[in-house]
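The following pair of complexes shares a single chain, chain A, combined with chain B in the former and chain C in the latter.
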Partner chain A sequence: MSETVARTRTEEIGPRRRRPARRLSYPRRAARALSPLLWIGPAIALIGVVVLWPVYVMFKTSFQRFTANGFNLGAAGWRNFTDLFDEPDLKSILVRTVVWVVVVVGVTMTISLGLAELFNQRFPGRRAARWALIAPWAASVLMTAFIFRWALDPQYGVINVFLHDVGVLKSFGSNQADWLGRPDSAFVWMMVVAIFVSLPFSTYALLAGLQTIPSELYEAARVDGASPWRTYRSITLPLLRPSFLVALLINVINVFNSFPIIWAMTRGGPGYETATSTVFMFQLKQAFIGESAAMSVLNFGLVIVVVLVFLKVTRWKDQVT
Partner chain B sequence: MSTVVVTAPPTDISALPASKRRRPPTGRTVAISLAAYLVAIIFVLPYAGMIITALRPPAELQERGYVPRRWDWSNFTSIWKTGFGANLRVSLEIAGGATLLVLLVALPAAYYTARRKFRGRMLFLLLVLATQMFQPAAMLVGIQRQFVSYDLPSPTFSLILVNAGFNLAFAVWILNAYFSSIPSELEEAAMVDGTSRLGALSRITLPLALPGIVTALIFTFIGAWNEFIVALTLTNQPKEFPLTVAINNYVGQYSVDWGHLFAGSVIATIPVIILFAVIEGKVVGGLTAGSIK
Partner chain C sequence: MKRSIAAGVAVGAAVLLAVSACSSSKKGTGGGSASSGGGGAVTLSFVGADYGTGPANSTQKYWEGIASDFKAANPNITVNVQTINWNDFDNKVKTMVQNKQYPDVMEGDYFPDYAQSGLLYSAKDVTSPNTFSNLLSVFAKLNTYNGTQYGMPFTTSARTLFYNKKLFQQAGISSPPQTWDDVKADAAKVKALGKVGFGMPLGSEEAQAEALLWFLGNGGGYQDDNGDWTINSSQNAEALQFMAGMVKDGVTEPNPGTKNRTDLWKQFAQGQIGMINGSPALIPIIQEGGKLQASDWASVPIPGKSGPLDKTLGVCDNVSVFKTDTKKQDAVKKFLDFFYQDKYQVQFDKEYDLLPATNSAIKSLSSDTTFAPFLKALPNSVQYPNAPIWSTVKTQIQQQLGLAMTQDPQKILDNIQQTAKKGS
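Let's look at the complex of A and B:
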């Protein structure tokens, strides 16, 4: 609101102030045109050096040949890309990446809707309960993943101890207890951890969205005799859409690029059997830098395509403005 | 509508008249409370496990009790002999340096874009928004090759730059929202009264925007503090490692030093919890301020 006020004000004042500028000498005019750079120049420089330039270097690297220890042997053409697409594991890694993103983000957003609703209710101790929700967000994802790796230890892990106590687990150290040793169960557990660490942000984003819904609307729905479910569907969900979409997009990007969980729990192994494309890129980087760069380029392209499709489908512009 | 939403409920229980306060809780309230407490416990449980394991005597690590028979602080004292102090210092340098750099770079950019219309303003804001979509993991190879070829003085220096660069976008957006919500009339009034533009900025606008500045800086600090993949890639010597890489290093080829790993994790998490406590209530609005306008 205040921004639009400020905008109209400068538009009113702007031309009157700018008029004498026409009579300024050329150097003075140049100085005035460049003055924004004084303020935003450092930010542009930092983004350029740290964020944009690596993208260029990454593309360049994907067309170069390297020895295993990183010595540059010159141009490689499309070799790195053909090598990458010839990797027998690539297809399963890409499928696994899609499953990873869809399941983790899907489950996270669904649970978050419920949690946000729950923590938006009034009850004694709400503040403390909300605090507890922040824990996985504050602690580093790496450390959270290590906690689960320890808890799933086939011999002494506390989750196995619990499962043994309730009779699900037959014996310690068995194949059944080795959750992270089997690719399928390891991947499921890693998705559980990914959902766990994604929940706080999503829930808080939706909580913020819930609080922007005017209570008069609920009042009106109550007067009209609408059922709670009907109210939720017709008032809450549509008005929650902007915050939901923001949380969804940020989650998709974060989960796609997620590295520490898988690295801490299985290192992508055995082989590449629990690796997503981000982890695979890191594994390749140890010995095949060019091919790893090609994988990065592919990942980068995927993220951009997903974001663009998302913006198109959700008609983002109408949402934000 | 770029105001920052504060999570605190508009009306507090204690604000109600006493007659309303002492109503017996309804069944619905009890059910909601129990469900919420259960969720809260689930969210804290893993971290309780972290603390309990850190306090378990090394000899008891191979036992199956939920809690140790004896509490033992030795992991917290012996961890300093593994070079953990140096790692802690590196993390402080990286997170502190990145936060300072973001402050110096984001503050003028956010202020200027909030106050002035100029050619390329939208382009700049779009550039900032686009970088928010980028993650260091997606361009790791580029970052690695670039910073190796620059031959910078130390990995710490490179990591300060990288963390500042990737946290800049969020800081600019939230600060822009804060500055936009402060009427420029306040500054103009101060200038009419004879203050310079800089004086008005430092005496009127900055104090008003302080909550936003603190939030942006704390998020930058926490982001840099917890960053892992770039630090793992750019550091080589144990004394160059920040905390995350050092903790990852307690995992050996054949065995894991769980005691030190979790003691280190507990120590590394304490500053973050303190910082989150500082910005409590602004967490939500801070994150969505730039995006939901």
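Let's look at the complex of A and C:
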């Protein structure tokens, strides 16, 4: 740190002490100063248009009144926010969102650790197996969710047929067979689907991490007579930490924002009883556009807070860069 | 790696949004800008809902047929037709309107707030007196804002109770139900056969319709005769309590709050459900299913608490005309007068099993055995409220009402009533 400061200072002082160099004309200086823009300009424009502008519009919308069909009736002050915080369901939706993120990400990461280890072993057909793992990731999430919804159909769903055949399910079309009709069981099934579609990415991230661990370390551990568990704990896990953290953070953001699974399977219903905050935002949008924008702002804030806390807790910079 | 799922999902969603936005806007501008050129040639853009079940009976064909007949009669007026699948209709139209890309003529849902915002011609401005007076007057109020009628009914539908005669026979029920208690008792008997006694779609698709039919049975409704909101009336709450009782007894499908009309109608067509409230649109579904013969089902007036209802829920889809270009007003008028002919009304109703919206077309269909019971119910049907806030209220009913089967109905109704009152 001190080194850099020192260097900057000499640079600042440098030119003054020397014989004044021939000064560049103003336009040329300007051109030189702006030339980096040529390279980073497109990226800045992209961020501006795709990220900053929507954020601005989101905030703006949250302070306006709209009819259900999207006509702007002017300023609303804080009313959208007070309406939002007056929603009796808001608290349970936020709690449900936390459960959703923690369970889905937690289970995904745990299973992924095992899967990554498995796929890192040599076995015949490993290439094919690795390719197969991509499937849930490559398939449209919406499509996967629909497939599960039909598989859970109370009358004809293949999962119910299976459960009936093994004797778990007593009769088709019953309350028991109506997995997506009961909020609690629907929520569990949706978490299963969310885990299913999150696994490939996490597993690949961890697999890539595993492959960067030099084999000498394992050799050394073996020479020292470390047990496999000890080796895993003392060598694999610590060295896996950077890729684990990347996968974890991306998963948290993804799962928090996850919309298609819940929308396709229950639409957040009955009422808001299977909605996370993202789905709730969309449900509100159908009738209360301003309030929905207020919910977006809240979601936006939550993601930022989660990410900042995460970075702080994991001392991200030391670990990843 | 970072791109990953996040990008996958986001890009997917973005592409979807972009595609739908583009497609609607492109076609929208087609009408907005490619308007009346020189020499009296006029191009009208028409946007309609697609009532078909596939390419074979797409409504696009129906309107293109009309457009070409119309062109033959009026060589200097061209009508560009675009139809939109019902599932996307509201969203696409809202997007078009928010982007100020108005079609000239639209058929489908009618949005009172478009009239409120001054975007529409009044019905009288774009129809001849004959055409106007031929429109079913029972739907006039629905399409009226501030005393002026803007929307014009184009196709209508009414509800009756469908029941599966075969199941009734097996369960030893001799006559169709007339009262709520009949419904409950019959449903229990059908349930004993291992089928669903009564199909009760209270999910987000159309909870507002199913609920209203029960409210009417108890003298309730969404508004009283003065147009005041009565959503949380004791009659309505009592109706919901009765329904919840049926759910508790297990004579309906499980968890009605999550079940939608489309799915339940299909199950009725498959012979899995004893009774369900339906409209003529259920008939083609029964025919397609191939499980029930024409003699295996029948439809009767909807049972009320103490006797069959003499009124029912009537719904209509409407034509609205946007004020795009005053030069087009005459051409639009000609077009409307043209497609409101009985010929086209009847053609439409036969194609999609819907009901006409004009007095003369009703007359010409009244001898048809399939349509007769519905046509009888149509003139004294009850409509949804016409207040602009209704679309908000409707959405809330769709999302919340199903909860009344497991929670206190009064509380849920109070909540919805509050929304309705806030907006009016």
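One rule holds for everything that comes next: the second predicted complex is superposed on the first by the 297 of 321 C-alpha atoms of A that agree within 3 Å, B and C clash if a C-alpha of one lies under 4 Å from a C-alpha of the other, contacts with A are read in each partner's own complex, and residues count from 1 in each chain.
Throughout what follows, contacts are C-beta pairs under 8 Å (C-beta built on N, C-alpha and C of every residue); 3 or more make two chains touch, one makes a residue touch a chain.
Everything quoted here is computed from the prediction, not taken from an experiment.
Colleague: Could you tell me if A:Gly173 is touching chain B, chain C, both of them or neither one (first, second, both, neither)?
Modeller: Second partner only.
Colleague: Output check: A:Ala205 vs chain B and chain C. Expected answer is one of first, second, both, neither. What do you get?
Modeller: Both partners, chain B and chain C.
Colleague: Tell me which partner touches more residues of chain A in the superposed arrangement, chain B or chain C.
Modeller: B
Colleague: Thinking of the overlay built on chain A, is A:Ala132 touched by chain B (first), by chain C (second), by both, or by neither?
Modeller: After superposition on chain A, A:Ala132 lies in contact with chain B alone.
Colleague: Taking the superposition as given, does A:Met58 touch the first partner, chain B, the second, chain C, both, or neither?
Modeller: Touch partner of A:Met58: chain B, not chain C.
Colleague: Between chain B and chain C, whom does A:Ala287 touch in the aligned arrangement: first, second, both, or neither?
Modeller: second
Colleague: With the two structures laid over each other on chain A, which partner does A:Phe123 touch: chain B (first), chain C (second), both, or neither?
Modeller: A:Phe123 sits against chain B, while chain C stays out of touch.
Colleague: Output check: A:Arg182 vs chain B and chain C. Expected answer is one of first, second, both, neither. What do you get?
Modeller: A:Arg182 sits against chain C, while chain B stays out of touch.
Colleague: After overlaying the two complexes on chain A, where does the chain B footprint on chain A coincide with the chain C footprint?
Modeller: 70, 137, 140-142, 155, 201, 204-205, 208, 246, 253-254, 257-260
Colleague: Inside the complex, what are the residues of chain A that reach chain B?
Modeller: Per the stated touch rule, the residues are 1-3, 5-7, 9-11, 14, 36, 38-40, 42-44, 46-47, 49-51, 53-59, 61-62, 70, 115, 118-119, 121-126, 128-144, 146-148, 150-151, 155-156, 158, 161, 164, 172, 196, 199-201, 204-205, 207-209, 211-212, 242-243, 246, 253-254, 257-260, 263-264, 278, 281-282, 285, 289, 292-293, 296, 299-300, 303, 307, 320-321.
Colleague: Which residues of chain B touch chain A once you look at their complex with the stated criterion?
Modeller: Interface residues on the chain B side: 1-3, 5, 7, 9, 13, 25, 29, 32-33, 35-37, 39-41, 43-44, 46-47, 49-50, 53, 61-64, 66, 101, 104-106, 108-109, 111-121, 124, 127-128, 131, 133-135, 137-146, 148, 161-162, 164-166, 168-169, 172, 180-184, 222, 225-226, 228-229, 233, 244, 247-248, 251, 256, 258, 261-262, 265, 268-269, 272-273, 276, 280, 283-285, 287-288, 291-293.
Colleague: Could you list, by residue number, the parts of chain A that touch chain C in their complex?
Modeller: Contact set of chain A toward chain C: 67-71, 137, 140-142, 154-155, 171, 173-175, 177-178, 180-182, 186, 197-198, 201, 204-205, 208, 246, 250, 253-254, 257-260, 266-267, 269-273, 283, 286-288.
Colleague: Considering the complex alone, what residue numbers of chain C touch chain A?
Modeller: The contact residues of chain C facing chain A are 1-2, 4-6, 8-9, 12-13, 94, 97-98, 111, 113-114, 116-117, 194, 196, 203-204, 250, 253-255, 257-259, 267, 272, 388-389, 391-392, 395-396, 399-400, 402-403, 406.
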